[in-house]
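Note that the chains take the letters A, B and C in the order they are written out, and that residue 1 is the start of every chain.
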Amino acid sequence: MPKTVQKTNAGRFFEDYSIGQVIHHAVPRTVGTGERAMYHALYPARHALYSSDAFAQSCGLSESPLDDLVAFHVVFGKTVPDVSLNARANLGYAEGKWLKPIWSGDTLRARSEVIGLKQNSNGQTGVVWVRSRGLNQRDETVLEYVRWVMVKKRDPASDAPETVVPDLANVLDPADLVVPEGLDFTRYDNTLAGEPHRLGDYSVGETIDHVDGVTIEEAEHMMATRLWQNTSKTHFDGTMREDGSRLIYGGHVISMARTLSFNGLANAQMIVGLNAGSHANPCFSGDTVRAWSEVLDTAATTAPGVGAIRLRLVATKGGAPFTLKDDSGKYLPHVLLDLDYWALMPV
Amino acid sequence: MPKTVQKTNAGRFFEDYSIGQVIHHAVPRTVGTGERAMYHALYPARHALYSSDAFAQSCGLSESPLDDLVAFHVVFGKTVPDVSLNARANLGYAEGKWLKPIWSGDTLRARSEVIGLKQNSNGQTGVVWVRSRGLNQRDETVLEYVRWVMVKKRDPASDAPETVVPDLANVLDPADLVVPEGLDFTRYDNTLAGEPHRLGDYSVGETIDHVDGVTIEEAEHMMATRLWQNTSKTHFDGTMREDGSRLIYGGHVISMARTLSFNGLANAQMIVGLNAGSHANPCFSGDTVRAWSEVLDTAATTAPGVGAIRLRLVATKGGAPFTLKDDSGKYLPHVLLDLDYWALMPV
Amino acid sequence: MPKTVQKTNAGRFFEDYSIGQVIHHAVPRTVGTGERAMYHALYPARHALYSSDAFAQSCGLSESPLDDLVAFHVVFGKTVPDVSLNARANLGYAEGKWLKPIWSGDTLRARSEVIGLKQNSNGQTGVVWVRSRGLNQRDETVLEYVRWVMVKKRDPASDAPETVVPDLANVLDPADLVVPEGLDFTRYDNTLAGEPHRLGDYSVGETIDHVDGVTIEEAEHMMATRLWQNTSKTHFDGTMREDGSRLIYGGHVISMARTLSFNGLANAQMIVGLNAGSHANPCFSGDTVRAWSEVLDTAATTAPGVGAIRLRLVATKGGAPFTLKDDSGKYLPHVLLDLDYWALMPV
């Protein structure tokens, strides 16, 4: 074989995707109590169900699962070499569903199906929609979500594919949320969980300033992003920007905001649905991340004592809480993240 | 429910404490080999009993327990939202006893009893004494200690409570130290442990310069402090100080100094008693932490081959070793920590 | 015992070594899934055999072992207090063999035999060759390698020992490589592993630019180096250099380069032999590490579907890929590491 064969992965370009294409992502990953400890070191994670085997058992589970966002990050990380290595922007998320908890010792792998394609009018880039699934070692789907990214074309002169824009739900119907088997909040202990506020104590439209802030360091976001085997150069290589700083993985901001939201939403225990999400502005080392939430909806589930709460979670790097967009509908410059999700909460 | 209900924890003020009050702290935490690995990454931990299952087994234990200070940090962290969120200063420790080792998979929770109250003459603050206990999933107390903090009053005009100052032992009686069940140092291997010096080789008054130094980084102290679910803003939020630096959790300095003390005290294996402790001066990122020790006492125990050594452990950020206080009895500015503890050592 | 007895380890000087001397290194270490998670957080590790129990099982192993370099770092770390505390330079490696995988829960200890001594002509220093072995809790040798270091003399006036320079193989004979028991690559899954290139796709002389770069942070290299209980002051104490930066442990660069080499060598799964290695230039925080490889040889093994590939792995902090030495044979200033190793790869 000649020397000139390219052995490294240059990533896919817009032309490399086709509707219905299924991509099996590489490098399955076994996760366990080591990843759990790292998650607690990297984020101010305090939700009791993910902190304590004893608490999880009192809620009907066999042990404490790994944080829902661990599943999200691992699956996301696996998709990066195939989906977003040449992405210009991570445009959105929809129809995210957590279907099974991740237990210590589980091995996750991921695959994605291309469900939408639309070349941009500039001819330089296109939008690719994929539905990504995480599977465990028993071939059970543990998580699925749609994300769409803007990807460079290899050759601006190449033909545009037929435009297919998938029809995605704006919000998951609460009836479609999957409650983990056995989950039972009838003996839920507010004191151990950290707050007295249950589903009935939150009203639609209510806003909560989560008060605390965390100043971000390069070492931390890189360790987090590496832990999920996310290979995007931009998070690790300080030579890509004049100032040596690295663009922070959007998922780092998601986990930071979600864990900061413990203070005011300690009982929003498990994330079960991701309705939408925007990485409104980039985050860099030195930024101090804060979070606020807005209650968008509440719903019942069929599991004993378990309700669902739909929340907007906003991460900021300054600015007043509860400010989001300017008059033209553009995110304010201090807004990092606008996430819309469903969580399970005791009624 | 109206929007204005405060969902976040504002912490307790001096008026919120009363003698005999028992506070059940939130968020139980399961710890394991992940936390052990993190401890070894964050501190130069080398005591063989906490490093090797095989070594621990040769000392009569079933496996290597988690470092004693892991128990301390986890319990301390749990008390923060209830005890020290509005604290102006962490004034002291006393009567700390380690009662059971922490094994991988144990779940710790914590509760505190208010045992002392004294309003300060300025009327702005008061001192609160609590006896905190860590319990495992079998409801066994694994650790207890008294600490006292200066807490802000919500309203300076409110009445002062009756002053109750608890009568605390200056030093634990060695007869009250609890040796872990089964511990046996009769086959203790000096070579594997790292040093030949046993209890008889140390004399009261002897001082040891531990020689090594570690320069502290923001990412490391924040990861450590988060790992213990300590929520004090001041350790994470760089906007609270002009220079962006974060006040380092005093416990980070304790663990750093204790692990640095391996070099000269490799056989002071297990901490079993905390007699007293002062965080003499604040520590910040960029400081290079060093440590020295002074032998304060030695004692026998009833366990085979096991003796006890009482040590002063001093952490510094510069200055000559063995210097502690100025002529007026005030800690010198380079002194970070002055800790008085009992450890178990082979005779 | 008088106060003046030195309790701390001052390290060995050149005069303290003699041919045939066996040094039993201190502090055995149990490693497990916590260390595995840390390894994934500290390095962009993606080789599937070390990432996934399921993948390892499909290759005939009972579970995913710990990364080969974890064994190397742990053994290396144990030798530091006895071998390189007073070393001026880490001169080379040879005859490194991985003999058994490290499984979660294994306890490693180390011993070294002095196999060479040569005083330098300046009379100030000498070269010490040691063959170090890592042993597990079943007294099986899991790893062995020779390294040689330049060590200070305690007293320049002391007599030189008889010069003994060991006769070391430049390259391990592939017949001497040990393939882990049960390893079978006949059902090897390229897609899960991440790349299609198998042994037959690589040709001797072929060079691969691994493309990605990682900018190094103080917190990360210190956490890594501490995790392996490496006690060399120079990696931790920022007061030893004017600019406060710490000399980075050479092994950190080895792991960084090896894991970066996934991109182009994803199927070079297990390191089984270390032929040679030079830390060509020092690495500091802020450097962006990149890597390139050259195929030096290929060989068959007797295990089903398993071949061996001999690789040069070069880590750099800038400069053009594939540049190594100047006309005088000196490493170029941007070269950090030049490593020569054997890895197992599916045929």
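Rule of thumb we're sticking to: a residue touches a chain if its C-beta (ideal position, glycine included) is under 8 Å from a C-beta of that chain, and two chains touch if they have at least 3 such contacts.
From a predicted model like this one, the values you see are computed outputs, not experimental measurements.
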**Residual chain clusters - subunit B taken out, nothing else repositioned** = one piece
**subunit C against subunit A, contact positions shared by both copies (same if over half, else different)** = different
**Asked** Fitting the CA atoms of subunit B to subunit C, what rotation angle results, rounded to the nearest 5 degrees?
**Response** 120
**Request:** Can you check how far apart subunit A and subunit C are, centre to centre, with Cα atoms defining each centre and the answer in Å?
**Result:** 36
**For subunit B, residues that touch 2 or more chains besides their own** = 32-35, 37-38, 217-220
**Prompt:** Taking the complex as given, what residues does subunit A use to touch subunit C?
**Reply:** 1-3, 5, 7-9, 24, 26-35, 37-38, 81, 105, 107, 109, 137, 217-220, 222-224, 226-227, 229, 231, 233, 236-239, 244, 246
**Message:** So in the complex, the part of subunit B that touches subunit C is made up of which residues?
**Reply:** 32-38, 40-46, 48, 51-55, 64, 191-195, 197, 200-203, 205-215, 217-220, 263-266, 286, 288
